[in-house]
Amino acid sequence: MSLVFDIALVAGLIALALHVVVTRDGRGAILGFIAFGLLLGIGWARLASVDVALTEAAIGGGLTGMLLLRAHAHLGREIAPEAMARGEPRRWLAPAIASGLVALALGAVVLAFPRPAPSLAPQAVAALETTGLGNPVTAVLLAYRAIDTLLEKIVLILALVGVWSLSRDAAWGGASQLRPAVIPEPLVFLARVLPPFGVLIAVYQVWVGADLPGGTFQAGTILAAMALLVMLAGLRPAPPTQARALRAMLAGGPALFVLVGFLGVAVAQGFLSYPEAIAKPLIVGIEAALTLSIAGTLALLVAGPPDKAPAS
Amino acid sequence: MSALALTSASLFGLCGAALVGIGLFGIVTNPDLLRRIIGFNILGAGIFLVFGAVARRGAAMGLGGDPVPQAMVITGIVVAFAATALAVALLRRLASLTGSATFDAATPAPPPRSDA
Amino acid sequence: MSPAALLLVTALLAPLAMAAGCLSRAFRSRVPGLLWLAPLPALLAALWLPAGTAVSFPVPFRMVLALDQPGAILLGGAAFLWSAAGAYAASYLRGKPGLTGFCVWWLLTLAGSLGVLIVADIAGFYLLFTLASLSAYGLVAHEQTDAARRAGLVYMVLALLGEAFLLFAFVMLAAGLPDPNPLIADAVAALPGSPMRDGIVALLMLGFALKMGLIPLHVWLPLAHPAAPMPASAVLSGVLVKAGVIGLVRFLPFEAPLPTWGAILAIAGILTAYGGAALGVAQRRPKTILAYSTVSQMGLVAALLGAGLAAGDASAAGLAAYYGLHHTLVKGGLFLAVGVAFASGGARRWPVLLLTGLLALSLAGLPLTSGALAKLAVKPMLGYGVLSIAVSLAAAGSTILMLHFIAVMVRETADNPPSSAPWGENLPFLIVAAASLLIPWWLYPTLSGGALASGWSVASLWKLVWPMMLGVVVFMATGRFAGLAGRVPEGDILVLAERQAPRLARLPAAIEGLDGRLRLWPVAGFVLLGLVIWLGGGFLLAA
Amino acid sequence: MTPAYAATPGGLLLVLAVMLPAAAALVMLVLGPRHTRVVALIALALGVVVALATGLQLVRSQAALIYVLGNWQPPLGVALRADGLSVMMLAVTAVVMAATGLFARELFGLDLATADGRLATSFWILLMGLWSGLNLVFVSQDLFNLYVALELLTFAAVPLVCLDGRGETMAAALRYLMFALLGSMLYLLGAGLLYGAYGTLDIRLIASASHHGPAMAIALALMIPGLLAKAALFPLHLWLPPAHAGAPAAASAVLSALVIKAPVFLILRLVADIAPPGSAAVAGQVLAVLGAASILFCSVMALRQERLKLMIAYSTVAQIGYLFIVFPLAGVGDGTTPWGTIAWTGGALQLTSHALAKAAMFMAAGIVAEAVGHDRIRDLGGFGRVLPLTATTFGLAGLSLMGIPPSGGFIAKCLLLTAAAIGGHLWLALTILAGGLLAGGYVFRVMDRALATPAQRLALQRPIPLRLEIIPLVLAVLAVALGFLPLAPFGLLQIGRPDIALAVLP
């Protein structure tokens, strides 16, 4: 029974992906992609990866969808229709064959993976107790492979600096203009009602993330979505990017991470190792700071480069 | 459980492979840059599904999957989002500056002006 | 370090130090007047140091300098000409724009062209050879005219091509030896046994023939030498081509005969000797005629070396150097003569032209001149067969070419206003002319092995005179080649090649078109996928 | 089971090399524009010290430096490891970074109004990100960690390309971003397949696996082209010329000198360390063909460019080609250990001298463009007279690119040619020589303009301070000074290598 469900899910995913790629309607493709993201979230749940499922649904479907829709609207405003409608014949046969071959080879490799499958699950579980955590995914993200998570945060910040650097010189340091010309009423309503719940869910996620599925990325994404909702509804303006507090919040998470990392050199077994006694509090503390940083970074990435000149 | 889990993992692995193919095709052939960015996301989804299949196959010790590839996927999704955001920001700026959303027709940039 | 070693090092470093000194503003203004000093240490080294003096540079400078007989002969002549031409240049270029730049290029070329004659290791040879080749571009293109620019371009392209030939040859030479930078002598000793012998010899010959201007690799020479200012033409034609001669002398294995390669070199040399003369008589500018004469003379040197290589006779090296010395001084003198003659008029004109004529005929082997000695000295090496006759006939060609040159000079200077070249130019010219007539006498006994008296026999004189008479007769009979002059453009076959240029230029254009297509996103993306498939297939097959 | 990695003294230096620039970027973000430059210069100084200390430690211990992050042994954790080649890359990176930093300080200082502005501040933060990513690429032992490092590079490099904010550079940056992303995605996919097959992403653990299935073949076939796309090897160079030509001079210098070397370094790791011998040989052949094509094709393209910076950018693609013809020359994949061969040393030297020379050349081109207001080669006649030091810089860097003695490029070319001659790879030898000729052509075109004496003296739009001209000159002189290294394999490059080579062998 569950296999039938899986097959239907996979068929739906592939059909949606094909639709997104071949359809002529740009907006339709984006909406299709959002649906694809949500469906994919279910797929991840079927793969018994609830952590990923939450992340995928929030980021893959939600934030990316918002980003794309805004971009589509922007391009529609900026580009003359005749520039859009260049009817060049697309050569599709050769790329289709090549892509198909790559996919076939991949499929063959996936089927030919060795059995029994190699897995680090036993080691990950065995090492869990030294971290005091209950969720092995969190342990991988914040202990075993903490360096990846830390540097990925730097990647996010570089991306944000890169996005900011795309502003006009005059607007640099200012704020993004998110508020649309006409704000639909329901949006305002949602923006008033949802954020308290969102914050609550986020705090819960960080807290349980140590032991159960969920964690800093998921919480950060929810917070980012709430912040965007508030800004889109025009309840609060986007903060100016030169604000010291904002920048401190963005850099705070990774900075704390680095500090604790080097603390490990002094009091534990090296960089990014935690003293066993206080491992869990340290990790939860880092997660909390990271959640704020991630929320800020993701929201500002969606908001885009500043386009209002700074006040001063 | 394990046989079924393996079948299901393979199924999603194949789905990942198909999505990779579809994504690559979209990226290579689509002249619309925004659509190309969506293609990247589909390619990414396919790649992550392959990771997911690998993770699922590694289910052991009472875990539903190998946590290491799962963690990698989470990292990867965030990075992919950052990439999408940067690409979209570039595309919007390009459209604002030049009034077009294509880069293949663009000839090499004329000399930079120091006074600009 | 012994005084002898110090002198040898100074010979190389003095001009480089002067070039570096040009960074100082104060020195820069005085350097043109000091150019004549730069080659003096080399001249002293050539005169005083015994053959066999050697010195190694400390690590990390890998270079070994050593003086041997052929090197010393060429070094002496070259340093002498550089010095005289330097003095000439100071007067000739006074007040002209770009003088400092000219001096720097001059000094760098000087260092390279003299260093090549005394360096003993392969990497050092390549370094100095390159220094001379590339720096000479500054002299060729100095005038900044369209002709100079074209000459500079052609020169540069072919010089780099020659460098490429040589680099590969040197790398293969050194590849089999334990020391990554062996002495030239060691590498050449191992050459006959090398599995890559033929490739190495072929590349060496190509590279050095380019420098000497052997046909058909001579195309740059008649463009580049006349394009430079007069004193630079003198050293380019007098000294720089000798870098090719010393290259062949140093790198060909004369101890072990290579008959085939020797024959190839000799034939190329003889053909060049004829071709240079034949193309030269079709020219009407004196400097171009002299340049073609250089081509022709280098052909004779190549023929000589080819004969030596075929016979496995190591004495060819010394004889080639001796012939080279003669050519250095005479050709240098002739270029200076052209400058002086163009500036002389009235009563001053005829003595200058007379001396010019004497130098010119010396090149053809006029008895009692250095040319006669040089030709006599090399005769035994050429044997008494076909080659000997061929070389004698080449002397007839030289005679014709030089008579043509004299005729052109007389005609070109006929309308000069009565004046005289400044003494700063006259004096160097006279000194070089005198040296060219005298110095070879001094060296003749050591090199030819025979006494001077042997050169006086009637038989010897007859050997020299009949080709010249033949040349005179032909020259008279054909009416001074009046109809021929100007028929062949300077650079001969290059011009033909340039007519095909549009066809050749299509290749880069096609490449550019292809690049434009490859850089289209769909194409590049597809190529990327293709690469994935190609590599995947390859790996699967290999596994 | 003994752990695969045992931390060595000085291993923490590797962590510092990665984290110091990253931390500096965070500090810059918090402190804001006014302090950015100071923080950057301090970080540069400290980073150079770290690189120096790493080199000293390596020479002293004569063994690779190792650090196990968080003391979590691979396969669960991530290890850093620096052998001779890595340390050389760290050192070159530090030198070029320091020079770029000083150059950027002077360049941005020319215009006080914008010294703390968008361009300068973003530049400094992104530069630090680049440095962190580069160092991580050179020391990380984990393929997924390396993916993060590659993304660090991409995200720092792309905005650098379009810092000047013109539409054309936006297009160039977008094209760069997209192609680089395509490359990273293929790389990541390959890494996923490897994890599926081996249950680890640690390079040494994968290399020590005895059995290789189709997953290895397909994974390598995805990862290598993906990295090639980032390295811009012909025919995947679509993004490089406009991107490197459009970036600010200081950024172009780092991008061309260092950033594209990172994927090349990773390809080397994959082919030489992970690939089974048969695959390595195939990869070596394919890469050599592409490298040779790159040398010839893009040199011709460089020769035909009208603009100086585009010419230099095409020259970069051509010069990268030399790094790929090293594979067959060093005998990668034929069962011998390539580390001690002259080709290996030649490749390393080519990489180093190109990094120095190309950085110097881009900076020189930047000075010219800044001083004259354009970079059309045709209209630069006589720039040597108004900017003598810059013309000298260009000439010296050109010597190294052409492979004319004495220069690092010459020694590199010599070693590669020797390897080609000994190995009987005639076509590669001819390619190397032809590449040198063509490089001579495009360098000569510029030098000819530099030395020209036009009737009208070239007008300078703004004065160029001496300090600005000195920095690229020093780099160019360094590139030439490399020519005094001995013509023999470096011992340094073999430190920490043989054990892996043995592990690969059956």
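For reference, chains read A, B, C and D in written order, and residue numbers begin at 1 within each chain.
What we mean here is this: contacts are C-beta pairs under 8 Å (C-beta built on N, C-alpha and C of every residue); 3 or more make two chains touch, one makes a residue touch a chain.
What you see is a predicted model, and the numbers here were worked out from it, not measured in a lab.
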Chain pair with the most C-beta contacts: A-B
Central chain (by mean CA position): D
Chain centre separation (subunit B, subunit D; CA means) in Å: 26
Rounded Å distance between subunit A and subunit D, as computed from the means of their C-alpha atoms: 31
Averaged-CA centre spacing for the pair subunit C and subunit B, given as whole angstrom: 64
Distance between chain centroids, defined by C-alpha means - subunit A, subunit C (Å): 71
Subunit C residues counted as touching two or more neighbouring chains: 520-522, 525-526, 529, 532-533, 536
Numbers and ranges of subunit B residues touching at least 2 other chains: 20, 24, 27-29, 31, 37, 50, 53-54, 57-58, 66, 68, 72, 75, 79, 82-83, 86, 90-91, 93, 103
Subunit D: positions in contact with at least two other chains: 76, 144, 148, 151, 155, 158-159, 162, 165, 170, 175, 178, 182, 189, 193, 196, 199, 214, 218, 221-222, 241
Overall pattern in which the protein chains touch one another (line/ring/star/complete/other): complete
Parts of subunit C lying in touch with subunit D, wherever the complex brings them together: 59-62, 97-98, 101, 123, 126-127, 130, 134, 138, 141, 144, 149, 152-153, 156-157, 160-161, 163-164, 167-168, 171-172, 174-175, 180-181, 196, 508, 511-512, 514-515, 518-521, 524-525, 527-528, 531-536, 538-543
Subunit A partner contacts - residues on subunit C that touch it in the complex: 522, 525-526, 529-530, 532-533, 536
Of subunit A, residues touching subunit B in the complex: 2-3, 6-7, 10, 13-14, 17-18, 20-21, 26, 29-30, 33, 36-37, 40, 43-44, 46-49, 51-52, 55-56, 59-60, 63-64, 67-68, 70-72, 74-75, 78-80, 83-84, 86, 88, 90-92, 95-96, 98-100, 102-104, 106-107, 110-111, 113, 115, 117-122, 124-125, 136-137, 139-141, 144-145, 148-149, 152, 155-156, 159, 162-163, 166, 217, 294, 298, 301-302, 304-305
Subunit B residues within the subunit C interface of the complex: 24, 27-29, 31, 103-104
Residues of subunit D that touch subunit A when the two form their complex: 7, 12, 15, 18-19, 22-23, 25-27, 29-30, 32-33, 67-72, 75-78, 114, 117-119, 122, 125-126, 129, 132, 136, 142, 144-145, 148-149, 151-152, 155-156, 158-159, 162-163, 165, 170, 189, 193, 196-200, 213-215, 218-219, 221-222
